[in-house]
């Protein structure tokens, strides 16, 4: 049984459609990332699932139970807010205990559950502090503890790492999947950060303009973005998108981009655009067949990698991401990692094919 | 794989209908009823103002349309009331604004002494206006008042305070200033202290003259506070009653005959309900315009602070 | 009941001893408070009710609306007698004078049934009566079942009785045959001169004989008395400025407020007589009046007389009584003089203010309220108030002829009785009765202020005032 | 140096102007009537507490007679009345303020403005018809009637102040509480109201002491809102 099935969910503010017939399903114990640029309706979608959007139309089924008409308190979800939303007038302990109090549990089990979840999140030493006395990280963990403590089948995370510092974000990115796995809880996780999406999500739903543009495994979204828009959004630095030439070859297409040639198993699109991830661009100090000469325009170290801005002889600019400094000298040769890259049609914006075969240049 | 396939009944279940949320209406209903309850007497007053209605002539009560208004606006005494009220409002608010701004500038720096002084200066604000006029009446009494004694000692032996038409307006405005300047002062002080420091530091570094800093930086940045304080004071100054009534009942002669006193006398003394109401309606029209300005200003300010947040 | 107890109770009711004395005597007889009250009630009933059932409304409760005044204080201090006599409980709300009439207007205009009996002046009844807020008491007076046979309404000074009775027709004389008795007098005041004997002796001057004389003497005091000024009169922007000394002098100079032709009223404030009198009056204030005259009410006049800051006042004679009582700086130094403002006149033509009791139309206990009014304006309370309290301008001849009353005045207030006797015969209300009284007199006071301040000449000011009054009268349709 | 001493002189004058009348009324309150009325004013005198005893006991002896001033009784009465009307205004106003802050709906803004503009309007305007018509609706001299009139002062104050506090509090906190499994009502009572408590407290103080109202109104709330605008905007 799915943890959540959302069917044709729409939300409208006045004449503005925030969400338009959105479908989504989350399996048991699965972590789904809701990814998209800011202001696209991700938070609205979470709130609609939680029952906090009174104007929402559509169906929400939680663990086989239709809760579309239920108020938030009857949906038995966990939710972690971007701004933590801790109750400022209650100590951390009461904040965490809140879902249990709502179920009118006895004092002893509440204390036990709060203790156990606090230990799990390593905040058991600050349980008597009020939110204003907590560090940002502790606030974060308190909010998570509150979402987890009731052992809901589904937790909604509204970009919970947005307001915390880089170190904490890094820690949580690793810790969160572990916690969720331990608790056997499914989750929808909203973020604009593709790294977070990749680290946390089993599957990623990309929300653009109030619609789900792609809903697939995280790697698939990364390797084969369904649209050019997704390709531009998902990834930092984003996928290189290069205007290409395509010609039919058998049932497939031979694509030429930036001097490199790839074969795709699809008919040639009208306006072919070739997409390649910066990590898939390989740098060489020696020429060889299948490599193209290029010039290094700039090098920027980033996240222990090096971003290299290149210009090929035909004037195409592209970015490579390399884990070692690029070879010395401004003239180098580039090639593509075998099997990586995607072919788009600029006319429709859709991805046509991915995973090309590298082809020899028939000079 | 997909649960929708295995649970077809879920698809056929009707999606929830969108409906208006009744909650805000329910929540505000009781207040709304009271609001209407207050509007009823208001409209009753509108009706009175269209009647010839003196309680001492119960049989002569009848509808006269805008007759009361025509009478008012064709009589010199009412125009005199408008002028006196406007002068009172204008003069008191301008002087209070200048004095309040001056004091706020003096107390601008956060120091213990300045804070003590600013709190102490609030005391007149805690005094009810009726009491304030009583205090001043005692202090300006030529027979035993300490101010009258001082002014007399300074050589102004014929200074009449509230009892002379030449000085009555001055006297009540002085009292009004005593009561209300602290209000403006505290608002502007809060404003001054919350201004960002960078523009001032930059100006200092550039060696900009103090006068330029004041007129080009301080004053414009303080404007929202000044406008709010001014509108608030205008609204209460046009309705002045307690101080003037306490000091002179509108006299000497008609020199302080402001709106509320005229209508008060017309109602309680002359039992002329119709004319009293008409005077109040004219005053209401003025306050309505001012409060509209005030609310717009308030909303704009909140929007700005929200947009910035 | 023993005879001794009875005698003591009778003495108390007759005003010979006060309550404390009564209590003491009772105690000496070994009678407790409760028994003493019983004795009191018994005698009261016996004394007053030989042939009248005072207990007819026993158990009811009345509520009074009172002005803070020595007359009201006298009434309050004697309420126990009324309660004992009738078995009616009495509660009251009491307000200071500067807000009192606003409270009355507020209570009556809202048709509130909170109050059964209220204190009022005669002028107010010209408004409250036509507005149908008050009960005409003539039917009560005529009804022997409701009025005690020994009440003797006619024992009240005729001018005062009449001044509280008006037909409601603007301009028609007070006390006419078709008049309604809107109120019953409780106590009153007339206007003569009270002066500071210390100052007068020091400057070797006599009390003024008339208005020009008063200007001269007043000016001399202001100049020579070393701090004190000449004459205190009222000057606030209020009807109350017009009705005391000012209107008495105004009348004395032959001026009238209105010309009455049939039912039509025309203002006469700009008559030649009025202009002549106003010139003198304004001169007097300018030369010999208080510096801040325009804020003066009777309270300031009284204060100045008591503190020795003015040589004399031309205002209510009872102020001279209050300020001569123990507690003021000038206590014992106040003298009294009848005053005839116009040198050509022989009589004072003093206007009067009458504190009266009226019955609210909205009272639910009108019969009981009438019992209270009867009691408070009756002979026994009149003597009690005059002898024991400060109700020293009583409205009943019986009080004036009471030996104890006269003895009290002559002992500590020499000259008070004589000045009163001289002024009384033609003391009455000299205003023309009409419902716009307050409107007219308040504007009048405002114009007087402007004339004194020199903002307008006397001739022009009075012409303007007359035009204004005529307009108001016309728009009211009278 | 000159500037500094000028500043000092100016401050001294300001303090004198505003504080002297207060100082003087305290001095006068410790004097007997005769001392108050003496000229030149007396600064050295044996202080008396007579006037205060008079206030509390309700008897003041003057030359005209003993004044019975029901000061304490009146004080208690008006306190009771303000307290009751504030409670009523809270019960009516807080939910409405919440509705205005959390929902955009018809009537809301109109009502808020109507109440505010009537509060700013001359009080006689409402009092006059009420005083004439109250008897007819049977509300004269009843606490209910007076409490109703008082709503004209207290309700707009509560609406506008508390509303500001509700608007400033993040709705997420209430959402979180509801997701936890608590009903709306519980969230309103346990979260929204406690969060707006400073505003409610301010509004209560302001309505109980009407003259204090404008002063603190400005300080606590207007200034707070304004300084937010100035700092952030």
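Labels for the chains are A, B, C and D, by order of writing; each one numbers its residues from 1.
Going forward, contacts are C-beta pairs under 8 Å (C-beta built on N, C-alpha and C of every residue); 3 or more make two chains touch, one makes a residue touch a chain.
This is a predicted model, so every value here is computed, not measured.
*Asks:* What chains do chain B and chain C have as common neighbours?
*Replies:* The shared contacts of chain B and chain C, listed by label, come to D.
*Asks:* Would you identify the chain whose Cα-based centre sits farthest away from the centre of chain D?
*Replies:* The chain farthest from chain D, judged by C-alpha centres, is A.
*Asks:* Which chain has its Cα centroid closest to the overall Cα centroid?
*Replies:* D
*Asks:* On a C-alpha centroid basis, what's the spacing between chain B and chain D, in Å?
*Replies:* One centre to the other, that is 15 Å.
*Asks:* At what distance in angstrom does the C-alpha mean of chain C lie from that of chain A?
*Replies:* Averaging C-alpha atoms per chain gives centres 93 Å apart.
*Asks:* So the centre of each chain is just the mean of its C-alpha atoms; given that, what is the distance between chain A and chain D in Å?
*Replies:* Averaging C-alpha atoms per chain gives centres 54 Å apart.
*Asks:* Taking the mean of the CA coordinates per chain, how far is chain C from chain D in Å?
*Replies:* 41
*Asks:* Find every residue in chain C that makes contact with two or more other chains and list them.
*Replies:* Touching at least two other chains: 106, 109, 307.
*Asks:* Two or more other chains touching the same residue: where does that happen in chain B?
*Replies:* Within chain B, residues 21, 143, 267 contact more than one other chain.
*Asks:* Provide the residue numbers of chain C that touch chain D in the complex, in ascending order.
*Replies:* Residue positions touching the partner: 68, 70, 73, 94, 106, 109-114, 302-303, 306-307, 322-323, 325, 327-329, 331, 362, 390.
*Asks:* What does chain B use to touch chain D in their complex?
*Replies:* Contacts found on chain B: 21, 23-25, 27-28, 30-32, 34-35, 37-39, 41-42, 44-45, 48, 102-103, 106-107, 117, 120-129, 132, 135-136, 138-139, 143-144, 146, 149, 178, 181-183, 186-187, 190-191, 194-196, 221, 224-225, 228-229, 232, 235-236, 239, 259-260, 263-264, 267, 273, 276-277, 280-281, 283-284, 287-288, 290-292, 294-295, 301-302, 304-305, 307-309.
*Asks:* Which of the residues in chain A end up touching chain D in this complex?
*Replies:* Its residues touching chain D are 47, 50-52, 71-79, 81-83, 85-89, 98-99, 101-103, 146, 150, 156.
*Asks:* Which positions of chain D touch chain C when the two form their complex?
*Replies:* Those in contact with chain C are residues 34, 37, 61-68, 131-136, 140-141.
*Asks:* For a test of understanding, state which residues of chain B touch chain C in their complex under the given definition.
*Replies:* 54-58, 60, 71, 77, 137, 141-143, 158, 160-166, 247-254, 265, 267-272
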